[in-house]
Amino acid sequence: MTESRYTDQHEWVRVEGDVAVVGITDYAQQQLGDVVYVELPAVGKAVKQGGEMAVVESVKAASEVYAPASGTVTEINDALSAAPQTINEDAEGKGWFAKIRLADKGEVEKLMDGAAYRKFIEDLG
Amino acid sequence: MSTNPPAAPSAVPSTFTGNKALQIEEPLLFEQDSPGRTGVDIPDPPPFQHRLGGLARVTPLGLPGLSEPQVIRHFTRLSQKNYAIDAGIFPLGSCTMKHNPRLNEKVARLPGFADIHPLQPVSTVQGALELMDTLAHWLKTLTGLPAIALAPAAGAHGEFCGMATIRAAHAAAGQNRMRVLVPESAHGTNPATAAALGYHVEAIPANERGRVDVAALKAKLGPDVAAIMVTNPNTCGLFEDEIVAIAEATHAAGAYFYCDGANFNAIVGKVRPADLGIDVMHMNLHKTFSTPHGGGGPGSGPVALAAALAPFAPLPWVVHGDKGFNLIETATGEASRSIGRMKAFHGQMGMFVRALTYMLSHGRDGLKQVAEDAVLNANYLLARLKGELSPAFPGICMHEALFDDRFLDGTGVSTLDFAKAMIDEGFHPTTIYFPLVVHGAMLMEPTETESKASLDQFADALLSLARRAKSNGEPFHSAPTMSPRRRLDETRAARTPVLRWRPSAPKQAAE
Amino acid sequence: MRYLPLTPTDRQAMLATIGARAIDDLFRDVPEGARLSAPLDLPDHQGELEVEREMAALAAKNVAAGAAASFIGSGAYRHHVPAAVDHIIQRGEFLTSYTPYQPEISQGTLQYLFEFQTQVAMLTGMEVANASMYDGATACAEAVLMARRITRRAKVVISGNLHSHWRDAVATATRYTDSKLDVGAPAANGGEVLESHIDSDTACVVVQNPDAFGRLRDVSGLAERCHAAGALLVVAVTEVVSLGAIKSPGEMGADIVVCEGQSIGNGLNFGGPYLGLFATRERFVRQMPGRLCGETVDADGRRGFVLTLSTREQHIRREKATSNICTNSGLCALAFTVHMALLGSEGLKRLARLNHYKATMLADRLSKVPGVKVLNDTFFNEFTVALPKPAAAVVETLAAKKIFAGVPATRLWPEARGLDNMLVVAVTETSHKEEMVTYCEALTEAVR
């Protein structure tokens, strides 16, 4: 399994073979507060990098989640509907949103790596 | 930033009942049911042949039966758990929580206003139509704009109305303009309304003085911009001092200037929006003109319109002919280009009666004094508080004062905690976290109906809270401790919504 | 001025604290050209005595429905509201309170909203209801937008017998969306077939029951056809008292129910403020517009109530909100809740029965007036009669005698054909037999 990559919209992506697992970062879940609901895309939906993929809701905010890479949704994390708090507990692990069959792996390689992302959120202050 | 209430020493009283003197626990209506009991005496008709065609209801309604004494006691006890303007200062920014005069309530209940049906023959409701016409005259004079649409039911509805006339006007002129510019600091209804009308919404940044960045606005204006939506004074409580330049640039680009009139209380009777270049403005009768907030509604949102937009006003139109007043209820004749009807019937008449009573009571001199006292009161609070709290912007404000959370840096106390601590001091908290452009915002609008003594007490209490927060912020996390309920678990409410009472065991079918 | 507490001394002291010389220093950001140089053309302030006199003079130019024999319905109904209701809504803690954004000090409002939502769900036979909307017509428009969001379809089938104001509110709200409205023509004699209009592009069908001519219909079959095509059924109810006698829309398979709640707790008020009721199925709750009150616990574990699922609303979602609505109909909803609490199941059923009984009484009498025909086989408290001459003129003639005969169908549907002689007549528990006698006598003469 390769290491995670990050977007400036606070999504992460981890490539496992042909498929990429995506979700929101731990920083994002902290900003949101207690997650109460997630609206996931339909399996089979085509997504473009930077396009809207999902919506995550906390009590006080609702945020769009953008696809970190282009492709087709092959699987979604159904467990999140009964337990949205998983996103708060383990955003970059069990709190994954969806799996995407990538159209272009090159898109992922251009994203920030862990060190770059950590610096990015530090600079946000 | 969890909304789970933090653990704290319990505030539940040790009484048998769970009551605390005048603070009395009250179950739901449905938990006090007795079958067959009722609080009305309605005669049963004799047996008769019904015409319900087999559609009679046979399943139980499930509504509980209570007598009148129980119902009065139930709602009286509930009322005692509510903060209200009648009880104390209600300093919510942009809500204009001013005193609700009781004469307005008395007049609204005159049978000649309260007991008339909207579809009575027009000859039998000439007084009602005249009232609407008179109210429109006052609003025209106060805004300087030549036409008023009275139909919208509330502010957001008025925004829809105003923006819809803009869209219709552009369409009629063969213009295809699909962008609307809205300041970042705008109230959420502004972009929501624009989006509902199919517009693409773009944000205009604020400058460091808290006003619309005019250069940024000019850069965004173009032949595809339909309108800008600006609040003035803005949601930071500041007068847009470059408003004339904003209006000129907007008009030069062929766009309309929509003004959100939520903050009209700062300038009513002193400045006419038309003189600032505004083309269309909705007003909130439940803010500026004292109609009661009623726990969240009803409101009324009439819209003042420039001549170019007047032909598109929603139905119905109140018109005056030689036979008296009439209603135009269809898009024919002079109203043929109307955007149509927005709701059933003619508008929030009950609020028109109250607002006109208020206007007649104040008159032009009183309304001018309202704006002046509103602005004076807010600046007085600002002056008293700025030593300990941190104003978001330097200088004077209009009718509301905006603070940010810099004064709480290092205390561990958030704006939310600080607001909750106001409750134990006997005040409704200020508006918090709005506008979004300021960090940890606290927006306070005292209105003109607060006395100096009331303002001093409020200011003194906030100064005390600020000093306590800076010396030991810990107790703020569990505030409030003395209210009928402590902090409520909003996360739980959103994760597992329980939106109604349900019987624990199914009722029997026959009732 | 009696509503302004500041004295000249106060103002001086406050200006000094602020560091301003005069009040206009605080208005220095107002452009020169916008500073008013002359007083506005409006009268100066007046005392209560004068204001009351002026307003009473306006009121006296109207004929109150109570001072006439009134048989007008068509979306607003004259019912008796128990005295206790007005006393409760005039309590300052209700009248002058705000939206319950600070739940710790708004449990009064929140609890009655929870009770209101429950009452509405029970009446309509649905699972959940919101904390009210502006009125039934705008609630209907919101229902259409909601159905479009859920199904992601554009076509909306609207019964020709939906109240024309409601139809128009839907049209205005959808005017700048890509909705395709398929609107029927009003038909007083029934026979409208909506099923054939349903296809795979249909988001919802909107039907009123009892309809605008007073006719009852069983919409269960229509509901099944909608669901088979993946569409939703929206049922509109203009007279909420009818739910005390008629099978609920929920039982008949409705997906969204929208009602005008004015009949309960709220007077006629020349058309506003009224009360939109909105109820739906649990699974659609996140698509429901308007405020919602939910149950939870506080830090001490005690039951309490809060506004919830606010992320659907404008103050958070902004452009993506389910609706731009901000206020609900608060005090009108309270009046409804109090009145419904006094009625209970027993009281509401009796009230409904009495309304229906009186309507049958008048219908039978009217059928005996030469040339007059009652068109309805079924009705609750409203029905349509065909006169031998245009109804609008007859209504004017009777109005001069302080009889409000009903609503000419042409007032609601001026563009439709064949409705000239039709009159929609409503009867409630407030109608007396003597009034019905007077009405029939006057009508007999007017249509001779």
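First chain written, first letter: the chains are A, B and C, and each begins at residue 1.
One rule holds in what follows: contacts are C-beta pairs under 8 Å (C-beta built on N, C-alpha and C of every residue); 3 or more make two chains touch, one makes a residue touch a chain.
From a predicted model like this one, the values you see are computed outputs, not experimental measurements.
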item	value
Chain pair, B-C or A-B, that carries the greater number of C-beta contacts	B-C
Middle chain, criterion being Cα centroid separation	B
Separation of mean Cα positions, chain C and chain A [Å, integer]	44
Whole-Å gap between the CA centroids of chain B and chain C	19
Cα-centroid distance, chain A relative to chain B, in whole angstrom	37
Set of chain C residues in contact with two or more other chains	311, 316-317, 320
Numbers and ranges of chain A residues touching at least 2 other chains	36-37, 57, 59-60
Where chain B touches two or more other chains at once, by residue number	490, 494
Touch list for chain B against partner chain A, complex	1-4, 433, 490-491, 494-495
Chain A residues within the chain B interface of the complex	33-34, 36-37, 57, 59-60, 84-85
